[in-house]
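Order as written gives the chain letters A, B, C, D and E; numbering starts at 1 within each chain.
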Amino acid sequence: MLDVAIRHRLGAFDLAAGFTAAGGVTALFGRSGSGKTTLVNAIAGLLRPDAGRIVIGGVPVFDGAARLFVPKHRRRIGYVFQDARLFPHLNVRQNLAYGRWFAPRGAGDGIGFDAVVEMLGIGHLLARRPAGLSGGETQRVAIGRALLSRPKLLLMDEPLAALDDARKAEILPFLERLRDATTVPVVYVSHSLAEVARLATRVVVMEAGRVVAEGTVGDVLARPGLGARAGRAEAGTLLVASVLSHDAAHGLTTVDSPAGRLIVPGVAGRPGAAVRLHVPARDVMIATGPAPEGLSALNILPGTVAEIGAAAGGSVEVRIACGSGFLLSRVTQFSASRLGLAPGLAVHAIVKSVALAE
Amino acid sequence: MLDVAIRHRLGAFDLAAGFTAAGGVTALFGRSGSGKTTLVNAIAGLLRPDAGRIVIGGVPVFDGAARLFVPKHRRRIGYVFQDARLFPHLNVRQNLAYGRWFAPRGAGDGIGFDAVVEMLGIGHLLARRPAGLSGGETQRVAIGRALLSRPKLLLMDEPLAALDDARKAEILPFLERLRDATTVPVVYVSHSLAEVARLATRVVVMEAGRVVAEGTVGDVLARPGLGARAGRAEAGTLLVASVLSHDAAHGLTTVDSPAGRLIVPGVAGRPGAAVRLHVPARDVMIATGPAPEGLSALNILPGTVAEIGAAAGGSVEVRIACGSGFLLSRVTQFSASRLGLAPGLAVHAIVKSVALAE
Amino acid sequence: MDFLTLTEEERSALLLSLRVSTVATLASLPAGILVAYLLARGRFHGRALLNILVHLPLVLPPVVTGFVLLILFGRRGPIGAFLAEHFGLVFSFRWTGAALAAAVMGFPLMVRAIRLSIEAVDRRIEAAAGTLGASRIAVFLTITLPLILPGILAGAVLGFAKAMGEFGATITFVSNIPGETRTLPAAIYTFTQVPGGDWNAMRLTIISVVVSVAALAISEWLARRVARRIEAG
Amino acid sequence: MDFLTLTEEERSALLLSLRVSTVATLASLPAGILVAYLLARGRFHGRALLNILVHLPLVLPPVVTGFVLLILFGRRGPIGAFLAEHFGLVFSFRWTGAALAAAVMGFPLMVRAIRLSIEAVDRRIEAAAGTLGASRIAVFLTITLPLILPGILAGAVLGFAKAMGEFGATITFVSNIPGETRTLPAAIYTFTQVPGGDWNAMRLTIISVVVSVAALAISEWLARRVARRIEAG
Amino acid sequence: AAPASAQDRPVTVFAAASLKNALDEIGAAYAAEGGVPVVVSYAASSALAKQIESGAPADIFISADLAWMDYLGERNLIRAETRANLLGNRLVLVAPKAEATPVEIGPGLDLAGLVGDGRIAMGEVSSVPAGRYGKAALESLGLWAAIESKVAGAESVRAALLLVSRGEAPYGIVYRTDAAADPEVAIVGTFPEDSHPPIIYPAALTTEVVPAAAGFLAFLRSPKALPAFEAQGFSVLD
């Protein structure tokens, strides 16, 4: 659906990056100044790369060799800019509706205006002009504007950075539904591994204008060393599980995952539906000896130590084979040696239940 | 050092808020649109409130009744704006140096230029103009510009929102040192509880233009219900501990805290020095029965259940009395009933070691 | 007030001036906006030439501009003959010629004001409109144009004021025919050329100033309204 | 080239025009910036009056402006007499008077261009400078002024071009004295008033246009440089 | 002015713009004879008169009509005893050369019929001297009422002439001096001298003059100036 391979020079900065994405959410991940916005700008047509090729939905929109450059307004892209770029002379309602004026008639109904307004909590702002909006309000309107333009491709450059967690928690499920319900591919720039893990189907990791890792979320997040690259001890395991049953009274869902049966907070999906779980490595403890009892942790899975990563900053990442899958755990070096962890050792992985699902 | 109590109307938005801060970092916390930026603007003198009083370092800078309004350039404030507001016609070096031109001669050397540039990682940008900077680069220059103006008060409006975690991890210790080494009070607007917990001495929680909670970090963060207000399950316990010893080989520090002896990753402070620890409630598990063994968790503290909070979203917050202090733990309702948790029950609090310190 | 009691002839000069200035301003505005846009944004051959051409009426003594207009747009002039033949549009000795002269003289002022506004527009916002599907023309109409309204107003009021005061090119091009091309400034000029005409010249000058001040006030008021709409939430 | 071989008198007119236009532009620029700032930002009594005053030379027929100058700044005029007595500054029938007339005629154009630029400055950036300790004047000098450079350049070139073309007010105020007040446009005018002068009028017109075009080109080049410095990283 | 500098100062003449060609030539001739240098400021008579009124450094004023000389005379700004009528001119009817047929100018002329639905170009009838003379002539011939609505008043005689030579107007009333020099127009008739007030260019010394000024005024009235004036078509009065 999206195929990018370009080269572009900006002063001393040299971008030579590419990736492919076949629907779903592709996370662009990388440190400040690594070239994420530049790459996204090229996809949107705001910038004409020096060379390369960009294909959206099978249609080439840029081809350096063929001198092809489809202008931005014909690419049908919904772009949430890092700097919101609302239209100052239009009120919020008009800003939101702007893209609709230009969407072709046959573009389908797209997402409903009211649903977006409600989800973003901007109903009370509709008559206001952008100048008086708060940082978070501005960002939400920008998201709405892009969503409502019935795009064939969504580009979101740190859309949630200015938002509080409660608001994020309202918007993220919406984006998930968007990802699952429509075929619109999304390129999502974020610094937050939690967001990436939750939303992304693929992750592209950038560094100094180059793509240094690309793959499915599970692959890339579990790859040792991403922690340092992402800048935080937040690597983890991504599991695709199927819903078994709900415990509505306690607000829990039991799922079947490759690593074993897990109890997850929240009631999500009908029985049989597939859900995605992210288990941060730092939320997985290891217990040696018999299965521990009387713990508040709901999920204690038997397994064996598969691999112990290199030590970094006093801690190590341990891969535990559980069921037919793996779990990544991060423990201090001190604990690792105290517990005598070694490949082959039978252990229990203790997963704090509340750490799942996000 | 800072005493604010103002009232101001902006369209339909009514701000009536105030707080006091006596040095250190005061976190302004609240959902998008709650009035944080407006309050900070009033302190900076960008906005003349309808009524009220603002006193900075004992000097009134605004007094509605006395018709006193000290203009912004005489308030000696370093303001990191939510929208960076760099000077487009000056290069990065000139942007950084701008405040220095106007600082009074006797204002002391302040923080060193090179140190700030190094800490923010913007050395390679000094000759560049703001227009080409990436979002994170822009934000870092804005931080540097405010820090270098030798202010008597620092106002930081979501300064780290656009930054990756690695960069945050470099800047936060710097701000901590600033807080500890100077007497410059800091007002810090943030959505991130982790940042707030780490930096703040006081927390002011805003909602719809009103202050709904104010107090020390420990107080406010431990207060049940803040989770919902902050928008995320990230309440926790703040402990002031003193360093006992270091284990340089494993990169661990042993400290003495009100809740008991703890092992903390990282080597921080000389023996005897005071350090601040934040223990997120979600990183504290509860074990009934005898002290669990063979766990990778380094810290297992005996205690008794002191209080069980109201259920919210399928989980409850449990206050555990440990030593002379408390620890807050969040467990699922299901676990709470399964373990038969009740006030007075003797338990062990299992603190995942890597969850400390941040 | 005796002072402001106008003779029939003076009233006709005032009305004519109002008509000429209004028509000159409104008719040249679209061209002014287009040329300003081309100069601000265009990258084409002849841009420099266009720029020079637009500035010419400012540089040339008005009499020379009048001569040039006469040569080009007169009955026998290449453009004048063409327009008269194909569109029945005659300038010579008509009020339309006075309007043309006024428009030409005000054009550089109008274009410069609008151009400055266009150059101040944040192009990132235009780019945002582009990603939302707006073509270059649509971006111009829905984003650029509303944002440069203050500049357009400034340009229009400059053009109008200039038209109210212009007389050198006008009288050279279309003479000074009462009721047809004798605008207020032409009437004022006439009075200044005869001994003892000062009093009447002053009266008419004051009337002309009052009209222009009114136009100025309206434009300022409109500009403030526009600015408030953008600034306030 | 015979065409451009100037007589002694014509050369002196050209040099005089250059001097008059340059001095008029440079000397009025600070006042133009100040007035533009006051009009764009000021909230004071008399702002409307100032605005009208600035626009007057645009509205009035140049001859009237010339007469007003003659009455005010002439040897016997109230301001003229005062300045001559206290500062030895004499305008009447001197090239300084020509410069004054040119400056006055160009002033509305200059002010409007600068004012538009000032109105386009992002006030949040000025506020940021304020929090960093810069007083209102310091903000103006270090932030506003550099940001409005394109507008100042535009205003200066408009003023210069106007000065190169202005003759109505000049000839009325300070006459048409060779070597002292006979500027290029006055010389052109004189040629148009006699049989056989057309050829010479055209020659001088072309010279005047060439000078103005050069000024225009310089200002455009400078403006582009300034814009590039801000836009590019 | 201080006596010393008064000696050095050239003679400054304020003269109607239409005299430029002749005066430039005469000034050069005067200098060649060893006279003091002469500088001439050419502008509309009205502007020059008002400038002299407000203290312009003019030594000699040459007006294009009597009115502005009278204006200064009433204000005692000229030396009445030096005032003299210097030059005269004639009023002619012109047409574009190609269409020119001579006409007899008299009370029976159907000028309006000749002009048809075109315009007759002349100096503005209330402000430009040539226009005033032209109007007077037409009135005395009884032609004014019929032609009044067809008059295109120009800013100067030169502009009126241009309208005819460009073919904008089929007829024009201008000075003979101007008409003679334009190859595109032909004189189709001359107005009787008694049909309008005499066309007179008066000259006079102003009240504050350099001593040499009288010399140049005398030179202007001497036979040596004659050829230059006559070459331009003026009649020299005395």
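Here is the rule we use: a residue touches a chain if its C-beta (ideal position, glycine included) is under 8 Å from a C-beta of that chain, and two chains touch if they have at least 3 such contacts.
If you want to know which protein each chain is, UniProt gives these names: C, D = Molybdenum transport system permease.
Just so it is clear, the model here is predicted, and its values are computed rather than measured.
**Student:** Starting at subunit B, what is the smallest number of hops through touching chains needed to reach subunit D?
**Tutor:** Minimal hop count between subunit B and subunit D: 1.
**Student:** For subunit C, which other chain has the most distant CA centre?
**Tutor:** Measuring from the centre of subunit C, the most distant chain centre belongs to B.
**Student:** Measuring between mean CA coordinates, which chain is farthest from subunit D?
**Tutor:** A
**Student:** If you average the Cα atoms of subunit A and of subunit E to get two centres, how far apart are those centres in Å?
**Tutor:** The answer is 89 Å.
**Student:** Express in whole angstrom the distance between the two chain centres, defined as the mean CA positions of subunit C and subunit E.
**Tutor:** 35
**Student:** Could you state the distance in Å from the CA-based centre of subunit A to that of subunit C?
**Tutor:** 57
**Student:** Measure off the straight-line distance from the CA centroid of subunit C to the CA centroid of subunit D, and report it in whole Å.
**Tutor:** 20
**Student:** Could you list which residues of subunit D touch at least two other chains?
**Tutor:** In subunit D, residues 63, 67, 189, 192, 232-233 touch at least two other chains, as defined above.
**Student:** By the touch rule stated above, which residues of subunit A touch at least two different other chains?
**Tutor:** Within subunit A, residues 10-11, 83, 128, 132 contact more than one other chain.
**Student:** If I count partner chains per residue in subunit E, which residues reach a count of at least 2?
**Tutor:** Answer for subunit E, listing residues that touch two or more other chains: there are none.
**Student:** Please output the residues of subunit B touching subunit D within their complex, sorted ascending.
**Tutor:** These residues of subunit B touch subunit D: 44-46, 71-73, 75-79, 81, 83, 85-89, 98-99, 101-103, 128-133, 145-146, 149.
**Student:** Write out the stretch or stretches of subunit E touching subunit D in their complex.
**Tutor:** 12, 14, 17-21, 39-43, 47-48, 50-51, 54-58, 156, 158, 177-178, 180-182, 232
**Student:** Which of the residues in subunit C come into contact with subunit D in the complex?
**Tutor:** 48, 51-52, 55-56, 58-64, 67, 108-109, 112-113, 115-117, 119-120, 150-151, 154, 158, 161-162, 164-165, 167-168, 185, 188-189, 192, 201, 205, 208-209, 212-213, 216-217, 220, 227
**Student:** Using the touch definition from the top, list the residues of subunit A that touch subunit B in their complex.
**Tutor:** 10-12, 30-33, 36-37, 82-83, 124, 128, 132, 134-137, 140, 157-158, 161-169, 191, 193, 228, 230-234, 247, 250-252, 263, 265-266, 282-283, 285-289, 292-298, 313-315, 329-337, 339, 350, 352-355
**Student:** Please name which positions on subunit D make contact with subunit E in the complex.
**Tutor:** It comes out as residues 63, 66-67, 70-71, 74-77, 92-93, 171-172, 175-179, 181-182, 189-197.
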